[in-house]
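My questions all concern the structure below.
Chain lettering (A, B, C and D) follows the sequence in which the chains are written, and residue indices restart at 1 in each chain.
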Amino acid sequence: MRRDVTIISNRQIAKATMEMKVRCPGVEVAPGTFFHIKTSGLLRRPLSVANVEGEEVTFLYKVIGEGTSELANKRVGDTLDVLGPLGNGFPLAQYGKRVVLVGGGIGVPPLYYVRRRLHEMGIETIAILGFDSKESVFYEEAFQALGETIITTVDGSHGERGFVTGPLARIDADVLFSCGPEAMLKAVAASPIPERYVSIENRMGCGIGACFACVCKAPEGYVKVCSDGPVFNAEEVLL
Amino acid sequence: MRRDVTIISNRQIAKATMEMKVRCPGVEVAPGTFFHIKTSGLLRRPLSVANVEGEEVTFLYKVIGEGTSELANKRVGDTLDVLGPLGNGFPLAQYGKRVVLVGGGIGVPPLYYVRRRLHEMGIETIAILGFDSKESVFYEEAFQALGETIITTVDGSHGERGFVTGPLARIDADVLFSCGPEAMLKAVAASPIPERYVSIENRMGCGIGACFACVCKAPEGYVKVCSDGPVFNAEEVLL
Amino acid sequence: MRLHVELPGLQLKNPIIPASGCFGFGEEFAKLYDLSILGGIMIKAATEESRFGNATPRVAETAQGMLNAIGLQNPGVDAIIEEKLPFLSTFDTEIIANVAGSTPDEYVEVARRISADPTIKAIELNISCPNVKCGGMQFGTDPVMAAELTRLVKAASSKPVYVKLSPNITSITDMARAVEAAGADGLTMINTLVGMRIDIQTGQPILANRIGGLSGPAIKPVAVRMVYEVAQAVDIPIIAMGGVRTVDDVLEFIYAGASAVAVGTANFENPYVCQEIIEALPSRLDSLGIEHILDVRGKAYAQLVSRP
Amino acid sequence: MRLHVELPGLQLKNPIIPASGCFGFGEEFAKLYDLSILGGIMIKAATEESRFGNATPRVAETAQGMLNAIGLQNPGVDAIIEEKLPFLSTFDTEIIANVAGSTPDEYVEVARRISADPTIKAIELNISCPNVKCGGMQFGTDPVMAAELTRLVKAASSKPVYVKLSPNITSITDMARAVEAAGADGLTMINTLVGMRIDIQTGQPILANRIGGLSGPAIKPVAVRMVYEVAQAVDIPIIAMGGVRTVDDVLEFIYAGASAVAVGTANFENPYVCQEIIEALPSRLDSLGIEHILDVRGKAYAQLVSRP
């Protein structure tokens, strides 16, 4: 589960946003799972899988602090010590259902991979992706290639002005897959769409279920985001 | 005084011993001075200047712990954050005198540069260099090219068996320049050679004279190795 | 046999033990390697009732350290006995129960119940958790209270009692002597230092609990110093911890006077770390010319201490 | 003016001060940059007579920390007054004298003499040095002794007295309240944590003094927590230190309740660090929307504290 992966590419794709591809042979990676990545800091950094093509795994990450800055400075050919894939992803067997994907900021990456997989399975999806502003938007064309894609920006500099909840209110769907900041997940989890799945991004310690750092309250007790999630049926968690 | 220098080469030259050359333009570097080198550890690592050719400064270093291992893994083109040159070196104006150079292990490096400079000035020198064993010997030919060079090894696997003090007892000289482990310096400082200079390698904090980490007792009070030395007349210090 | 360590209640096949709270109840790590290779396992703290612990965020990173404020989340002593110990009993390793509480009565009750289980070989009395409002560290910073609690738990426990000391104290030796006099069979040390990190954007502490316990390599020098002092002050054995992540860190604590070593935070950085240390120990002892690991116990303060 | 901080005896043009023992008497750093840019300078500890200090090695590295056991080496108070203060007086910055001793009489005498020099604007009473056998930390871990010493030094000093607190204590707030009640004009905190590192080859402590003081980024979380607690417990201002090396570290301490910040160990890693922090402060305040740096003092515990 712990492995060294080699960096194939690492490039900026939007404001403070990087795309990194690594070679990671011989592993089955489900959409919605994540890797726990070692940097020179003591704690690993969790990053969702944004895509898998053959042996190549893609991460899309925002440069926000020491760990992600260090990742952004890695060169092609460098290796990364990763744990993963970890956690449980999105339920893929959504045949015949209308699926809407709602992502905000650094919650967008896992939705790309799940959309690709659903698309391969012939399941149609609508995506609503929220960003701060035009410069932060990434992967718009890639998402467009897989189906209808609505972009929102807080300042209105691209797509619809406002939050993802605006377009979401107009959309009729059976299932919702969502990932993003807590406030967004809360709003989205309250949507009238019957089945709602949320991917939660809590601060983590171990990443494997042993330390209770990442817990989230649940109707009965609690869940561990790293090992029970990060994807949960919205009914299973108290956001 | 603080500068980024670029690594031009970094190669193993003997057992656990590396030679690193860096480009360091626009600085006058006297033999016997040192650079204080940043690694990912909190404290810098002091390394003597082993040679200067044009803009190229050479360090010869033994890989003993975290800092030197990190240096050993640096690649050509990487930069190093260094402070230096620091300290006061060997007195070069030794015209007409017979100079003997005595070095032990990681004390050998500064003696190469001082010998080269003395050689350029037409001052003849004899060198006695002590190592553990054959595999640890480095720069033998380079030293030979500059004058008579006696190698000793503790196990007798190369050159004379024993310590540098053996050959030293046979040699008649006016001035002695020495660098090496404390025990060796002590023995050498007791030699009957009239003028004796020792370069001391104490653990350092600041490297610039502000913290009192590197002090050495002196007949009157103390000296700071980093800023008063590292080269001292043996009469000035109590080893 | 050069790694075998015998301590009150414990036959450790080697002196490497995952530290409490950093290894859960072993289930996750059992998927990564065979837990039977471990000298022992210190399981997550048990309280009388199940506890959810503190709000999140519960962890923050610092320079070569981490802060945690889990707040003793655990399913409660009875659930641990019923749901966790049967699994742990399938491994050939010594299980040490970490006992916590808000009141002396709770400590006593938890110790009584869990020590009665045959899977448990010893009790680790946690009087040093900085992350709970009542109990925990308040017992661990007052030698009189700590001694009294030790006496009560000793009387209730059917297994040897190791008292886990807090480093957040003026004199760790006074505390060690007090709990030794009260009947402790051994000491485990150190628990975390109390620390805080503040978010620059918000100006607010990162941890929901505001303060948390600092662990990891950053605290190792403090832990080594405390073990060094306490080992010379008491006659009961010490299981040391604080920032261990390499075989040399283990040796540093043994030199300082410890008889065994626990590994906490390093399990997060590298979940295979205990296995790797155990595998590396024999050849490291060879290279240092050490026959039995405890031959060098306390070498930092005595030229040679005979094997106990 | 957005960096200007006024404290008892001190008009700091900015809240950045090199910490005692990490900047000597300024001579070496004066070759690197103009010391007049500094808010102030805390000079190396002064004792009555000159002291050589401990044997070497005196420093050891740890994970993002360092241990030192310099042992208060200094030329003695009179030599400092005659040989060091004239040079320091040529800079437009506030000089703070660090006063140490083995007995209360020595502290009093040193404080009396050095505070009389017009170059000295305040006294930092060092009751927290872990590296000397007598005095130092023994005063700093007992609130009664610390208060008594504060009272004596206060009476002898003609300048405001800041008491430098030791973190090696169970309750730093009790200590802070005790010295505040005894008349301290301010606090400086924290001094080093006591630690040790052992050489794996020899099994012996690396420092000749065996134990030493741990400083650097490793201890910052402990320092921040202590400042946060003490700032809420006392009314006198705090000059904070412990692991500062960036402008964000400075802000973290201000959020925690400090009024100014000292930089120690970081000067060894980067001798230009104080200059760089001072230059970086205005734009960092801009980016965070902070007008005056003290507008956010104590923000971690109060939504807003008015500028003092």
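Convention: contacts are C-beta pairs under 8 Å (C-beta built on N, C-alpha and C of every residue); 3 or more make two chains touch, one makes a residue touch a chain.
All of these numbers come straight from a predicted model, not from anything done at the bench.
Graph distance from subunit B to subunit C, where chains that touch are one step apart, equals 2. Distance from subunit A peaks, on a Cα-centroid basis, for B. Inter-chain centre distance (subunit A to subunit B, centres taken as mean C-alpha positions): 55 Å. Between the Cα centres of subunit C and subunit D there is a gap of 34 Å. Centre-to-centre, using mean CA coordinates, subunit A is 46 Å away from subunit D. Here the spacing of subunit A and subunit C, counted between their Cα centres, is 36 Å. In subunit D, the residues that touch at least two other chains are 62, 64-65, 216-217.
In subunit A, no position touches at least two other chains.
With chains as nodes and touching pairs as edges, the resulting graph is an open line.
All chain pairs in contact, by the document's touch criterion: A-C, B-D, C-D. Residues 21-24, 27-29, 31-32, 44, 50, 52-53, 56-62, 64-66, 68, 70, 73, 216-217, 265, 267-272 of subunit C touch subunit A in their complex. Against subunit D, in their complex, subunit B makes its touches with residues 1-2, 38, 41-44, 83, 202-217, 221-222, 227. Only residues 62-65, 67, 141, 168-171, 193-198, 200-201, 203-205, 210-211, 214, 216-222, 224-225, 228, 243, 248, 251-252, 255-256, 288, 296, 299-300 of subunit D touch subunit C when the two sit together in their complex.
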